[in-house]
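What follows is subunit A paired twice: with subunit B in the first complex and subunit C in the second.
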Partner chain A sequence: MEEKVLQVRNLQTHFTSDAGVVKAVDGVSFEVGKGETLGIVGESGSGKSVTSLSIMRLLKDTPGKIAGGEIFYEGRDLTKISEREMRKIRGNEIAMIFQEPMTSLNPVYKIGRQLEESIILHMKLSKKAARERSIQMLTAVGISRPEKIVFEFPHQLSGGMRQRVMIAMAMACNPKVLIADEPTTALDVTIQAQILELMKSLTTTTDTAILLITHDLGVVAEMCDRVVVMYGGRAVEESDVVSIFTNPKHPYTQGLLESIPKIGDRVERLSSIPGNVPIPAHMPMGCKFAPRCPHAMDVCWDKEPSFDKLTDNHSVRCWLYEEVPTDEPNLVGSSER
Partner chain B sequence: MNQTLLEVQNVKKYFPIPSKLFSRKKEFVKAVDGVSFTVNKGETLSIVGESGCGKSTTGRMIMKLLDITEGKVIFEGQDITDMTDDQIRPLRKEFQMVFQDPYASLNPRLTIKEILEEPLIVHNFNKGNRNQRVTELLEVVGLNKYHADRYPHEFSGGQRQRIGIARALAVNPKLIIADEPVSALDVSIQSQVLNLMKDLQEEFGLTYVFIAHDLSVVEHISDRVGVMYLGRLVELATRDELFGKPLHPYTKALLSAVPIPDPTVKRERIILKGDIPSPANPPPGCTFHTRCPFAQETCKIQVPEFRELESGHYVACHYAEELEIN
Partner chain C sequence: MLRFLGKRLLQIIPILILVSIFIFLFVHMIPGDPARLVAGEDATIEDVELVRKELGLDKPITEQYITYMKNLFQGDFGKSLKTNRDVSYEIGERFMPTFWLTVWSMSWAVVAGLIIGVVSATKRNKWQDYLGMFGAVSGLSLPSFWLGLMLIQLFAVTLGWLPSGGMDSWKSYILPAFTLGTGVAAVVARFTRSSLMDVLKEDYIRTGRSKGLNERRITWGHGLRNAMIPVVTMTGLQFGFLLGGSVVIESVFSWPGLGKLLIDSVAYRDYPVIQAEMLIFALEFILINLVVDLLYGILNPQIRYE
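On to the complex of A and B.
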C-alpha cells in the first residue's frame, strides 16, 4: 500500500462557552497519500474549517480544543507535539490557503516582503535568494510582471491574483501537505477554472498531497481522487471519487447528489432534502441526519451509527449497513413489532 | 402569444468616481452601459455574468432603486423611467425584489409578522385582512403561523429566504426581480427554494427576472437567458439555444468553466487568460477582446453590435457566424 502522508483518526474538536460545549468536530477520520487530492465536502457548519484548523493547530485564539483523536503526519501525532515543533511544520511542511485571501495576507506589507519572510523563515535562504524564489513562485502561479507585483500591496490586486499569491506563498516552501479551505469559493467561474488548473499542475509536478475543502460537488468531481463527506461534525462517508458519485451509500450523500442542478441534464423538478442543516446546539441524539433522512428507523433516533468500512475502499456511517444492536431486552410475547 | 410585461431599452448607469483634487475631468464607472431586453408575461428571464458585470445594478434600475443615467424602462406599456415617487406609487406593488443576502435584507428588530405587514400597510390593506394575509403568505412559502412572532435571527438561511420571498409576494406583484436568491444558501437548501419559486410562478402567474452567477441554477430555472460582460449584454437567447448552441466566445468559455459534478466526464476546457477589466476603464472596441481567444484587430477598435443572428438569438460579436462554423 502506498504511503500516507497524513492520517486523521476520530478527530474531536470542541468549543466551550457559557452556553455549554459545542462539538464542532466529533468523529472525523481520513487519510491522504502523496500527490493525492482528498476532497472534504459538507454544508456550512459541518465542521470542515474546524477540521483544517485542528490539523494546523490554529485553534489557540478560539475557545476550541482538540478533545480526542489523532492526527498522524509522517508518523508523528500532531496533537501531541510541542508548539515549538509544530511551528517548524506549519507553513513549511503543511501549508494552508484560506477562502478569503485578505485574511491571511497582511494589508500593510508589500507582496514581495510577505513571500520572502516566509521563505527566509522556513527555507533558511538569504534575502537575495528569497527574492529570486518569490519571483519564481509568482511566475509559476501565472502572475505576469512578477518583478512589479512584489512591490504592490494586497489591496492593489484582484481577488484572483490575491488567491494566486496565497498559493505561491503556500507552495514556496515545497509543502508535503497543502490544505485549501474553499480556495475558489469567492472567485468567479472563469477565474476559478484558472486556479483549479494551477492547483492540479502543482500536485503533479511536486507530489504535494492536497486537502481540498469545498461545498461545490463540481469542484470535487474535477479535482479529487478521494472524498470525505461531512455532516454535523462527522465524517459520514468516504471513498474514491467515482464511487462517491456513482455509488453513494449514505442517504445524505445520495440526497445531496440528487438535489444539485446539472448542466445538460435537466429535470422539471429538483429533488430536495427536507428540513435544515442542523445547528450544533440542537444536534439530534442518534444519527445526526435522522430528522431529514427518508430511511430513518427507530434505532437511528437513539444511537449514533459508527463509521465503518463497507469495503477496503468505502466507509460509511449509517445503520442501513450495520448490524443493529440487540442489547435491548427481548420483547418476548409482545404483539407489537 | 407572448405579451410583453417589461421592456428595458438601452439603459445605462454611470457612477461618478470621486474626482481627484484639481482634476477637471469627471470619471465614471460604467456599471451598465447600454442593456436592452424584454420580459414576457409569465416567463423567467435570467441574467448571468461574473461579479461586477452589472447584474444587480440593472435589477436596481428596473426597480427604480437607482436613477437611470440613460435609456428607458417600460412596464406594461408605461414609461416609468422619469416617473416621480407619487406617480409610481400605484405601480410599485406590481414589481418586487428578492435579495441575495437573506441575513442582511430582513430588519432584525422586526418580527416576521411585522416584516410581512410592512408592504401591506404601505399599500393600504385593512387590518383584518392583514392578519389573514400574513398567515396565508407564511403557508404559501412553506412556513406556518407559529413563525409569525419570531425574529429573523431565529431562522436558518433557507427559511429567511422564504420570508424574503413571502414579503415580495405580499402585495400580489406581477414581476419579481430576484437578485441571486439562492447564492448564499447551502446546496441542499438551494433546491428547496428553487422548487418553491417554480411552484409560486405556476400558482400566481408570476414573471421573474432571475439574476445569478451559477449557470447550473440558471439552466434549471430559466426560459430565456442573457449573458452580461462588463456592463453589456453579449448574448441573449432561449435557454436551450444558449446552453445548446452558444454563439459568443465569452458564453462558451463561461459554460466550459463550470465544474461538472461527474468524475467520469472529462472535457476540453477553455481557460480564459487574465482578469476581468475594470468597468472604470473598459477596453475599447469589443470589451471582451483582452481575453477573447478569437480576437482580431477589428475587435480592438469596433464595438460589435448586439444583433439578432437567428430568430430570438442575439449576440454581440463581429465573428459569431464564422465561429459558429468551427
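On to the complex of A and C.
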C-alpha cells in the first residue's frame, strides 16, 4: 500500500450566520497518496472549495470554522497545530492555486517579487538565488523570456500566463501536496488543456500529490486517479476514476455523467439533474439528494444512508446498496441500470 | 511622463486666469469701501474720492481687472492697502509659518491615522477597532476651535507647560499642530480602515496567506500598499486645505500665517492681498492635485501617463 501524504477524516466545517449554523462540510473523509491525483467533484455549494480551504486553514476571513474531524499531513493533525507551524506548511509543503488567476496576484508588485517571497521565506535562499529559482520555475511552466517577465506586473500578462505564474509560485518550494481549486474554470478551453498538462507533468517529476477541486468531469477523466463526489457537504461516492465513469453507483454521479453531452449523440435537449443543490440551512432530513433523486424511496426521506464500501476501492452513500432498516423496502422509482 | 507633466503644467495657466476673474469679481462684491478705510474715519468726502482715484478704484471694474492682470504677469501683486507694502512681501512673510504648521500637522496626523486605520481594520469589531473608531469619530465631530481653546486652557493656562499662542519656539507648534491635525488624523483613520478592509477581502491576500506569509506581512506589505490609493487622494486634499491657512485655528493661536492674514485683509477690505492669497490658494490646490496624480502612478502600476 502506498504512502498517504494527506488524510482527511470526518472533516466538519461549519459557518455561523444569523440564520444559524450551516454545515458546509459535514463529515468528509478521504486520503491522498504520494504522487496521486484525487479529484473532488460536485456542483457549486457542495462544499468542495470549503474542504480545500479547511485543509489550508484559510477560513480566517470567512465566518467558517473547522468544527470537527482531523486532517493528517505526514502524521501531524493540521487542525491541532499552531498558526505559526501552519504557516511553515502553507506554500512550502502544501501549496494552493485558485480559480481566479486574474485577481489572485497582487496588482502592485512585480511577478518576480511575488514569486521570490515564498522562496525566500521557505527555502531560506538569498535574493539572488531566489531570483534564479523563480526564473527556473517560470521556464518550467513554459513562460518564454522569464528573465523579462520577473520585471513585469500582473496586468501585463494574460489569464493563462497568470495561472502559469500561480503554478510556478505554488510549485516553487517543491510541495508534497498541491491543492488546485478549479484551476482552469476561468480560462479559455484551449488554455485549459495546456494548464492541466502542465500541472500533470510538473507534479510527476516531483512526485507531488494533487487535490483537484472541480465540477468538470472532463477534467477529472483527464487528470485524476481517484475521485470523491460531494453533495450537500458530504461525500456520496468515492472510487478510482475508471469505475466512476464506467460503473457509477450513486444516482447523483449517474446524473452528473448523463448531463455531459456525448459526441455523436443527437439529442434535442441536454439532460440535467432536476432541481437545485439544497440550501445548507435547509438540508433535507434524510439523504441530501432525495428531493432530486429519480430513485428516492421512503427511507431516503427519513434516514441518511451511511458511506459504505461496495468493493475495496468503491464506496457509496445510498440506500439502493444497503439493507433498508425498515420492514418493507418501498421502491418508488425504478432501479434498473 | 515628461510630456504629461508639461501638459499638466500648461493647463494651470488658463485655470488660474479663470480663477482670477472669479476672485476679482467676488472680492469687489464684498460690501464696504476700501477707499474710506484707507482715508480714515474722519476724512472728508473729497479726501475719500482722492484716495479712490489714487488707488484706481474709480475706474470700471473691467479696466481695473486688466490693469491688475498686467501687473500680475510682471510678477507684481500690487501693494497692500493697509500697510502700503508689496503684497508679495506680506504673503512671503506669512507663508512659511503656515507651511511649517501644515507640514507638522499633516505628518503626525497621517502617521497616527494610518496606524489607527490599520489596527481597526485588522482587529475588526474588537475593542481596538471600537476604540480607534471612537477616537476617529470624536476627532471629526469636535469643533477644532473648541478643541484648541480647551487645549490652551489646560496646557497653557492651568499647567503652564506650553505657550498659548504666537510662534516663538518649537513648543509653540505643539498645540496648533495637534489641533489642526486631529480632524485629518480622524479622516485618514476612517479612510484607511474601510479601504484596507476591502483590500483584505481580495483574492491576492488569500494567495499571500496560502504562500505562508504572516499577517503582518500580509497587512503592511500586500494590503496597505493597495489600500493607500484612495487614502492618498484624500490626504492631498487635506494638505491643500491646511496650506491655505486655517482661518479659525490661526486666529485661536494668534499664528502669524496666511489664515490670519486673510481674516485681517477681509476686515480691512485689502483687495490686493485677498486676491493674491486666493490665487495662491488655488495654485496650491492645482499643484497638490498634480502631485497626487503622480503618486498614483507610483502606487498603482496599472496607471500609465500619456
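Things to note:
By our rule, the second predicted complex is superposed on the first by the 315 of 337 C-alpha atoms of A that agree within 3 Å, B and C clash if a C-alpha of one lies under 4 Å from a C-alpha of the other, contacts with A are read in each partner's own complex, and residues count from 1 in each chain.
Keep in mind that, in the parts below, a contact is a pair of C-beta atoms (placed from the backbone, for glycine too) under 8 Å apart; a residue touches a chain by one contact, two chains touch by 3 or more.
None of the values given here were measured: they were computed from a predicted structure.
On the shared subunit subunit A, the superposed partners subunit B and subunit C are arranged side by side without overlap. By the touch criterion defined above, A:197 reaches subunit B but does not reach subunit C. Judged by the touch definition given at the top, the superposed model places A:307 against neither subunit B nor subunit C.
In the superposition on chain A, contact of A:216 is made with subunit B only, not with subunit C. Of the two partner chains placed by the overlay, neither subunit B nor subunit C lies in contact with A:30. Among subunit B and subunit C, the chain that touches a larger number of residues in subunit A is B. In the superposition on chain A, A:319 contacts neither subunit B nor subunit C. Contacts of A:73 after superposition: neither subunit B nor subunit C is touched.
Annotation: superposed on chain A, subunit B and subunit C show a minimal Cα-Cα gap of 5 Å. Residues 200-214, 222, 225-226, 299-302 of subunit C are the ones touching subunit A in the complex. The touching residues of subunit A, when paired with subunit C in their complex, are 56, 58, 60-61, 87-92, 95-96, 98, 100, 103-109, 117-118, 121-122, 153, 155, 166, 169.
Chain contact summary for the complex, subunit B toward subunit A: residues 50-51, 156-159, 186-192, 194-195, 198, 213, 215-217, 219-220, 243, 253-265, 269, 271-272, 275-276.
Remark: subunit A residues 43-44, 158, 160-161, 188-194, 196-197, 215-222, 224, 241-242, 245-246, 255-257, 259-264, 266-267, 269-274, 276-277, 279 touch subunit B in the complex.
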